[in-house]
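Two complexes come next, and they have one chain in common, chain A, joined by chain B in the first and chain C in the second.
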Partner chain A sequence: MLNIRIKVERRLIIDRRLPALISILSAVAGILVGGLLLTVVGRSPIEAYAIVFETFTNPRSLMGAIELGIPIIFTSLALVLPFRMAFFNIGGEGQFYMGAIGAMIPIVLYWSGMDLPYGLYLPLMALLAALFGGLWALVPAILKAKWRVNEILTSLMMNFIALQIIWYLVSPGGPWNEANPAFRERYLAYLREQGVSVIPGFKGTPLVPEFARPPVIPGTMISSALILAVLASIVIYFIYSRTIIGYEVKVVGESEAASRYAGINYTKLVTMVMFTSGVLAGLGGFVNLSSDLLKLTPEIAAPGYGYAGIIAAWLARLNPIACIFVSIFFGALTQIGYTMQQYLRISHFVSVAFEGLIFLFLVLGDFFLNYRIKVVKGG
Partner chain B sequence: MSTPLNETVVLMKDIVKTFPGGVVANDHITFDLKRGEIHGLLGENGAGKTTLVNILYGLYKPDSGEIYVKGRRVKLNSPRDAIKLGIGLVPQHFKLVEVHTVVENIILGLKEYGFILRIREAEERIRELARKYGFRIDPKAKIWQLSMGERQYVEIMKALFRNADILILDEPTTVLTPQETEQLFKVLKRMKEEGKSIIFITHKLDEALTICDRITVLRKGRKIGTVTPDKVTKVDLARMMVGREVLFRISKSKMKVKAEKPILIVENLSVLSDKGVLAVKNVSFSVYPGEILGIAGIAGSGQEELMEAIAGLRKPVKGKIIIKGRDVTYASPREIYELNVAYIPEDRIRTGSLPNLTLWENLILKHHRRKPLVKHKIILNFKEIFKFAEKRKREFEIVAPNIFVPARTLSGGNLQRLILARELTGKPDLILAVYPTRGLDVGATEYVRKVLLRERDRGAAIVLVSEELDEIFQLSDRIAVIHNGELMGIVPTSQATVEEIGLMMGGALRR
Partner chain C sequence: MVDPILINKFLTSTLIVGTIYLIATLGEVVAERSGVVNLGLEGLMEIGATIGIIVALLTVNPWIGFLAAMGTCALVACIHAFVTVTLRLNQFASGLAIYILGLGLGVMLREYARSVYAPLLLKIPEVRLYPIGVPILKDIPIIGALFNVNIMVYVGIALSIILWFILFKTRIGLNIRSVGENPAAADAAGINVFRVRYYCVIFGGAMAGIAGAYLMLGHTPQIMGAPIVLGRGWIAIALVIFSFWNPIRALFGAFLFGGLELAYYWLQSIAIFRSYVPLLIAIPHITAIILLTIMSIEALRKRLGAPAALGIPYSRE
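After this line comes the complex of A and B, so read on.
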């Protein structure tokens, strides 16, 4: 008689290559099962697999995926240091909005008739975005350090405030709305060049002019913002693994009691870490505004880049370099969703469900990181 | 009682358990427990005591060997199986929900007390159990209001409530005051008379000799032997446990001539506890270079708060602290250790070390801002850091494969060596040691005491908090006694007697 039992065992030693391997296998499993979902709505899973395969192999689609992933690189990277010190910043979304607001200031000034040398716009936008995001992130940090207010609640609430600021600025009648008479002269002239003769006055600012959009990396379709993202992850990696700040972040994350005993100044550390975090998220807002959205509108909230960053940072196991790849994978999923909607004529909701299934599998995969299943003979 | 006394209730035969990485935790161990007996399981940290009882409780599966409970061969797949057989485990670290009451904790997870809790009924049964065994405890009290001793009773009652007649107590006295220990022993004796069988895990020789009917000694996963307390001495047991002779008396040189200037002066110091009540009341003393001032007192008399205040971790409400002539009453922990002060904290695991970080990360803590460990102000200089860590590891004989393993893999004694290695770097002028040997085995205790004496002879001023009078008498040059936050007096060790210090600890005598 066949006597086989399945046994679940805790892994005691975890191979360093295991996390990457498990993530890839989980994603593949998710895609296979997700394909079956399509049969329910009467589409061939084979076609869906073909689209997935195409996205990851065709250079054009792959570049699209990278482009879509860039803002998430920033928002996930922003969380590496705070999460490592057990400061649960979920305000990336709001810091991202504030970054976009900051980046918009020089543009608003431009349309009001104030001129700067063209070459100054991009650096100035980035600087203001970083500053706005950074300062916004300091609020929950200081509240926690001074009065032990729970950072999860404060950082989350700050997201809604930031979004309301955007609503105020860009709604019809608001100071930054495209129909503001202050912009009229210059903006109408610009629109006429594009073949538009009136300013519609929707909710939203005027457009970011071409000279204030980051150039594309030559020979590709990818925004040069990618270079900034990669540089940022190298910087975070360096701070985390090679400096006193990274060491102290590790100590605080491991034990607050020990960090106090070792004389680590929590207030100073959390202020530095959260400012850096806000700077990164703010830069994400700048990149999104200047190379994708092109005008500040409440639609900046639709993709939820700040929240996606939380999942991406977690899947990257708070490794700054892994954040790049996980974020691009996120971008690829979005890309797959678009393509499926277009070619398979499925609804937006089915494509989102497909993406959701893949995430579900990635989360489940975590189980196999800590446990293994063994088939044993006998009772 | 239907079954006679002396019947074997547990027999574990030839138990072998190997952990991944090849550590043999149990190497063909045979162990038996009789009805109505307290059987001590004695051994150093890492001897395999906890592994053996975890196998009996169904938490681990042995690689080979047989287990018989009440005459029947059993297979234990989970603690549920063990509980069904009447086995109860009182863990070393209590697993109680602090905001819940005693009853709620006890009936947690019991189906028969149901979805709609039958609290009143449970309370009645708890009261009955408490009367029977002599626990003094209010079933309606919340866990956080209870002392460590009382919490232990709750854990024991949890097992009794589930009708356990075989009880495993894992190092039950580590968190107890001497008085609480005495109380616990009374309860255990009562339980024994009622026909319960008890496995008592300990590494304290005196305790094993006082309370146990038989003692089984384990060393490095092997059983060394089973003895009865009337046939052996403390020295025999120590030899079985450690595998060599152990010094119970450490020779202490005479103190050199007292320096004129004290290193530490504490003046009329008052400090609050976490709960906001006065824990230290108007305490004054000085400590000179080259002496050990022992602070004797029942645990929780304010000595922890006093030491935290000196280390800068707790702000005093009144009084003054002066170290090397500088007023540091309100200084930060960093300002204080930069005056070359070492602090060996009570809580080795959460405060004294970083369990999931590597040895080198643990060893550079507090030194991590100093040159040459750091270059260009903020960049870690790994070459120097590894050299520094290797040197400390070698000097303090920390047993570990390398400096890249996490600190949680160290045994209790090795962890304390690691803390000493870090704290004694840079030849501190003042050493604050809080229960430095608590929970350590004989070998490690001996080591820590020797190191403290060596530092004293080098010229450091040392404040030693301990609840073991043995230790206080052996190491201190002067003994300060604290009772309920007040200093009852300071006595030179040469003129002190145990009786007198005991009376002062109880608050009955002032000097």
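After this line comes the complex of A and C, so read on.
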């Protein structure tokens, strides 16, 4: 009889292609197991896989995936530098919300009767979004640098606070709610042009007017914000590989103690890195608000772009260029969630479950970075 | 000046809500004492909430709901134990993955249950926990609040005393603490580090399951297709730090946050606060950040701190 033994042994040489392979396999495993899990809610996995297949092969839904992926490019890029220096910013979600709030300011002013040259709106919105996101990200950074306060918990708490600020601003009776009398004159005239005769007064701000929406790339349905996203990833790539900040991030990531001996100022570095991180997440909020959501509502929290960014960044192995492709894959997952909600009548939170599974497989897969399983005959 | 009946009402609801935090915190205290952080608490509670309410409604028995939630979350916590103890992989990443997985699964299952078991919702009054309300005693000012709560509040308080006793006065507790402080020494002394950590992580998961089920059955019974734990699991992780990994101190933190969570409800009756209710809802999260900061300054000054091996996988190699 054949005597087979399974042996786990430490890898001596680490294959450089292995991390990417593990990422891809985790994504596939996550989707396969996720589909099987749907049997729990009485749906056939085959139907689920069909939707997944359809999303990745149909050019139309692929374009939708890219569109939904753009905010995730920003939220995942935002984590490249902090994660590389072992600063676990999981406040991307809140920085994203703050970005959307910042971007909404010029629009709110416009509806209350203040005018700016049309061409100024988009740059001004982006600028305010970047600033709001960046400042919001500074809170956990400074607390950590000064008093070693756990950044995971503080950055996460900041997410809930930011969302409550949105609720405050846009709830009926809130200062930015569309039914605010200050917007009435101009907004009602605008709505009448669109064939709507009353302001409904739901939770939400007035719409972002056409001139403040980024144009669509000709011949596609994709927002030109994609170009901004690609530029951002090149900038992060450059910062990481070609600048002193990038070098210092690398040193701190390898050993914080060593970085102190090397004379690296941790407070200064973490402040700069986290401000940059918040700027990127904030820009994500701007893009989501101006190209997809078109009005600020608590609905901004539904897709969980900030949390998706964490997994996307991990899956991309903190490589800024890979972030683009992984984020588009996550855009597809979000799209799949909405398609399943529509056709299989299950909650779109199914895509969150898929993301969680992929993350779990990724964490598990990392075992094989350092170990390999060998089947030994006889023994 | 303030109506004593109102004060009692406030204290009662503080105890009831605080117990959600208390149970989750106690589980995490034990897990962290053994050296393993589980950031997945929020997700586990989301699963516990879903399983708890569905099973309770199906069996028309809240206790079977609690048991089912406990079992399910203990199983999910096994994954975390396997990843972090056996495979010695990143505890933070694994916890975050469980958080996101739990959030997705919990909400998805709840939405499904709502569509399939809609008629069961009528049974909610039969499964929810009611305050016991000891006659006469419950009308005593201030202390009376303690006699007008549901049974899980007593369970929570009893558990924190029992766990304190186990952790600090028994052999088992000594083993758990030594595994969290110095696993190599514990191993040399003949303690099975891996087994202790497994048990503690699974215990933490089971407690998160109870906390989630209790959130539903003791506080807000409903079946909604939206997240329901809303950061309480994360606050519980912060509470572990506030309590310096001590179950008795966890009592104070948990009930403080129970009160803070309800602050918006009581403050909204005051005119100037009325239009700021959404901001008042963030009071617990803001307080958590402030307290975490104070605690960190204190910890730096007094050199108090977490179990020494917290977050670090143990390997015999």
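Just so we're on the same page, the second predicted complex is superposed on the first by the 319 of 379 C-alpha atoms of A that agree within 3 Å, B and C clash if a C-alpha of one lies under 4 Å from a C-alpha of the other, contacts with A are read in each partner's own complex, and residues count from 1 in each chain.
Everything that follows uses one rule, which is that a contact is a pair of C-beta atoms (placed from the backbone, for glycine too) under 8 Å apart; a residue touches a chain by one contact, two chains touch by 3 or more.
Not measured: the values here are computed from a predicted model.
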item: First (chain B), second (chain C), both or neither touched by A:255; value: first
item: Partner chain(s) touched by A:88 [first = chain B, second = chain C, both, neither]; value: second
item: Dominant contact partner of chain A by residue count, chain C or chain B; value: C
item: Which of chain B and chain C A:357 touches, first, second, both or neither; value: second
item: Touched partner set for A:148, first chain B, second chain C, both or neither; value: second
item: First, second, both or neither for A:244, with chain B first and chain C second; value: first
item: Touching residues on chain B, where the partner in the complex is chain A; value: 19-21, 311-313, 332-337, 343, 345, 347, 350-357, 361, 364-366, 368-369, 374, 378-380
item: Residue numbers on chain A that touch chain C, as the complex places them; value: 37, 40-42, 88, 90, 139, 143, 147-150, 152-154, 156-158, 160-161, 164-165, 167-168, 171, 173-174, 307, 310-311, 314, 345-347, 349-357, 359-360, 362-364, 366-367
item: Contacting residues of chain C [partner chain A, same complex]; value: 39, 43, 79, 83, 87, 89-90, 92-94, 96-105, 107-112, 115-116, 225, 230-231, 234-235, 237-238, 241, 275-279, 281-282, 285-286, 288-289, 292-293, 296-297, 299-300
item: Chain B-touching residues of chain A, taken from the complex the two chains share; value: 12-13, 242-245, 247-248, 250-251, 254-255, 257-258, 260-265
